[in-house]
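Presented sequentially are two complexes of subunit A, the first with subunit B as partner and the second with subunit C.
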Partner chain A sequence: MLKSMDKYLAAAALSAKNYLAYTSEVIFRSGFLVVILFVFVNLWTVTYSRSGAGVIGGFDLKQMLWYLVFTESIVISRPRVHQKVEEDIRTGAVSYTLARPYNYLLFQLSVSFGERMVRFISTLMVGYAVMSVMIGPYLPGLSALPFLMVTVALAMLADLIGMITVGFLAFWVEDVSPFFLVYSRLQMLLGGMIIPITLFPPFLRRLSEWLPFRFMVYAPAKLFVDCDITQVWSLMAEQIFICILLFFIGMSVYRMGVKRLDVNGG
Partner chain B sequence: MRRERQVIEAVKDVSFKVEPGRALALIGPNGAGKSTMIKLLCGILSPTQGSIRVLGMDPFKYRSKLAYHISSVFGQRSQLWYHLPPIDTFLLLGRIYDIDRVELKKRMKELVELFDLSSFLYQPVRKLSLGQRMRCEIAAALIHNPKILFLDEPTIGLDVVARSMVIDILRDLNRQKKVTIILTSHDTGDIERLCEDVIVLNEGRIVLESNIREMRKNFFHTKIIEIEFAGQHADLDLPPGVSVIERSGPVVKLEVNLKVQDANEVVSRIVAQNSVRDITIQDPPLESIIQHIYLSGDPAGREAEQNAQIDG
Partner chain C sequence: MSTAGKYLGLFLGYFHVNAKELLEYRVSSLIALFGSLLNSAIWLVFWWVFFRRFPNISEWQFVHLFTIWAVLNVALALVSVFYNVYKVPAIINEGKLEYYLVRPKNALFHLLIARMQLIDLLEAAIWFISFIILKPELPAVILFLVMSVISAAIIHGFLLILGSLGFFLKSADGIGTELYNALITFSTYPNWIFRGAAKWIIFTVIPAGFISYVPVQVIYNRVYWWILGSLGFGIFLNVVGCLVFSQGLKYFETGNTFVLRAD
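What follows is the complex of A and B.
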């Protein structure tokens, strides 16, 4: 098992190395984050001061702003893996990978994961620096760091499997962007990217709890600002379950798609 | 409204065998079924009827197992990482094919020497020329020491020097390392230099399966005679079946129809009647033979048989 995973770890590491060549894009994306964070700082400062409440939805102002740094870093770091998969299917390139000794979904997952880690770390560093200047630095407990790293990795894996599965729809449709738009908007809204799900009205919160998106965005960001070790194990177990479930859904879609594979060119 | 379904048979009634260590060319016009054939042999596609055995295995059923013993290079699809040096791709492929680290190091050393990659092994792929990239591409395909190498248009877009180098390396691999090569190419020069056998496909069917030397022999209708006369020459008294195709000063190029006239007799006659400085007899290019096969309405085999009888 470990031996067979070796190739995927190597692909993730190589992808991270490859992505370091795109430093200018990382800086540009991070520049966009500065604007977003400036808006958030002003918005939430006004909200907290007007409401007079020290804590909203379980977050004080500082936690809320650091929560948003984390959720934005997770979402902005998302690579366009659905487009890569779509292109592979449209051009027939996916068929050539069939004759290679690896699982296409796992390989794309590894490559996109490597890329995303570089993007996430660089974005978080910029976000951390900007927010530290604006409201002062924040240090999560050292004991929480290993859990945080695992949770972030699982969150990203679940999201990437979801994106790859959306890309697999290209076996049936010419353009997967409408599907990705729905996927990404649901994730932004119900995953807690803009507002923590604890602030949602009850029906929306229940809906969010039934969907996998909160494990991709809300859960690791919440852990970043409020590490509750008692709940972290169950959270990781749930994330692993979501990853496995999404993987099986993704593989089923892929297998159905490959059966009707129409290789372009001849 | 109803969607109509149209079934197109990409390849049909195709049957052939390739002995280990041979080099086979699949040729044919666009849409003839060459790439489909390669995809079938690699296990990428499954035939709707019939059976395929590659190294004793059904390629579609045992695709993962077979992947460790075969390799493919598709001219327009790269497996090199664009921003990284080729060495990184080689190392990754070593892990993908579960190659032991010591073995991988040894294998890479061999390939670097064979393909002369040492001067650009650590340069990002984006900085390499097309020829250098293709050498790396083929080296990458050989990292797991495959028994069969499938190449789909490997020299597409390469200049003459790069193409020649790639073909020389492939020929060495085939002749010395006994790697079986199955190649598709539109370049008849590549085919002639590399392959011993040829299958000509058209509209999904095999129109000719032959040894290249045999094909040349059986499909010759003509020979080209180039004569350089010493000084002025009178109008040539040409026998039937011989025509002038080019004239440039003292050099005249003749085409001899072998069904009508013997080339040696034509040469003797010209030499007897004129003062000749130099004379050469050439075969027409392979390309024209292949073009003739594509365009011929008659079954190629029968025509080849007829020509063989004429030659005999």
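What follows is the complex of A and C.
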């Protein structure tokens, strides 16, 4: 089992190595991140000060702002793997992969995961520098760091499997972008990217708890600012369960799609 | 036919061509419309949650935020009638400007109207109807329309200045995109969250205050002198944009790329 995973780990490592060449480009193209963090600092500083509350939704001001740095970094670092899958299906390139000794979903997952890790670290570095200048530096607890790394990795894996599954819809439709748009916007709100889910009214919170998006964004960001490792084992178990569930959904969609694949020409 | 009549004829001709294109690709246009509306809806849910949680944070309520989103979206739709204003640096750099220079009409006017994204007008209609439902008062509706047109002029002038810098700077496209994104981002937040230098920036370098704060002042507090102020600023930006463009034309040297038809 572990041996068969070697090729996927190699693909992820190679992809990360390739993408390291573009790190400086990612850093210099982070203008939007700087603007949005500047706006968030202003919005939440005023909100905490005018409401007179020290803690809102379980976050103090510093935690809220660092939470937003982390969620933005997770989401901005997302590669466009759904478009790659869509292109493979539309051009028929996916048919060549059928004979190769790897699982197409796992292969795309490995390649996109390698790229995403590099992008995430670069984006987080920019966000960290900007926020440190604006409100002062922050260091998460060292004891939480290994758990944080695992949680972030699991969050990204779950998200990438979701994106690849959206890409598989190209077996039925010409353009998957509307489906991805719904996916990404639901994640933006219900995943807690722009506001922590603890601030939601009860019905939105319930909806968020029923969907997998909070494991992709809210959970790792909350761990980053809270460093509470008492809940971390159950969180990781839930994330692994979500990854496995999404993987089986993705593979079912892929198998259904491949059955109706009809490629002309060579 | 008078000169104005000829220009109007050209405008209507391009409008007709772009409307036919819209009908040809209506599904992808409707998907783009759906995407834009969904994105706005998600942000409005955010603001609804925010104001539900902090109802007394300022004199602004959810209705004010909805108004600035509606004004901004109607304004952006109007700018989409001159869609090439977003693409001026690319048109300069890719050798597409020459097509307009050899035509008998004013190159800048011709360039701006050659491409229109008319589906955005449908989005503008949706936002306009939503505003009427939200505030069914004739004076407010008229002021909403006036402020949307003025906001469109400000965004257009801002884009024209940034785009015309493409004559002088190779990286104008990247810088322009970053500043435009900053303008749109700042325009969707209430002005009272900004303090210190940021308060000045949103009324000068990145004039988002004219698109968010001013319409609310005019529509809800009836501070009419702001209409003249922002109208003057909109005209000023467009005049500067035209000047930068005409100066750029003097500086412009054609390359060896030859494009027969370029929108």
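Just so we're on the same page, the second predicted complex is superposed on the first by the 259 of 266 C-alpha atoms of A that agree within 3 Å, B and C clash if a C-alpha of one lies under 4 Å from a C-alpha of the other, contacts with A are read in each partner's own complex, and residues count from 1 in each chain.
Note that contacts are C-beta pairs under 8 Å (C-beta built on N, C-alpha and C of every residue); 3 or more make two chains touch, one makes a residue touch a chain.
Just so it is clear, the structure is predicted and the values come from calculations on it, not from any experiment.
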item: First (subunit B), second (subunit C), both or neither touched by A:260; value: neither
item: Of subunit C and subunit B, partner touching more subunit A residues; value: C
item: Which superposed partner A:200 touches (first subunit B, second subunit C, both, neither); value: second
item: Subunit A partner contacts - residues on subunit C that touch it in the complex; value: 28, 31, 34-35, 38-39, 42-43, 45-46, 49-50, 52-54, 57-58, 174, 178, 181-182, 185-186, 189, 192-195, 198
item: Subunit A - residues contacting subunit C, complex; value: 29, 31-32, 35-36, 38-39, 42-43, 46-47, 50-51, 56, 175, 177-178, 181-182, 185, 188-189, 194-195, 199-201, 204
item: Complex contacts: residues of subunit B adjacent to subunit A; value: 10, 30-31, 33-36, 39, 42-45, 63-64, 66-68, 70, 72, 74, 77, 81-84, 88, 91-92, 95-98, 124
item: Subunit B-touching residues of subunit A, taken from the complex the two chains share; value: 3, 6-7, 10-11, 14, 17-18, 21-22, 93, 95-96, 98-102, 261, 263, 265-266
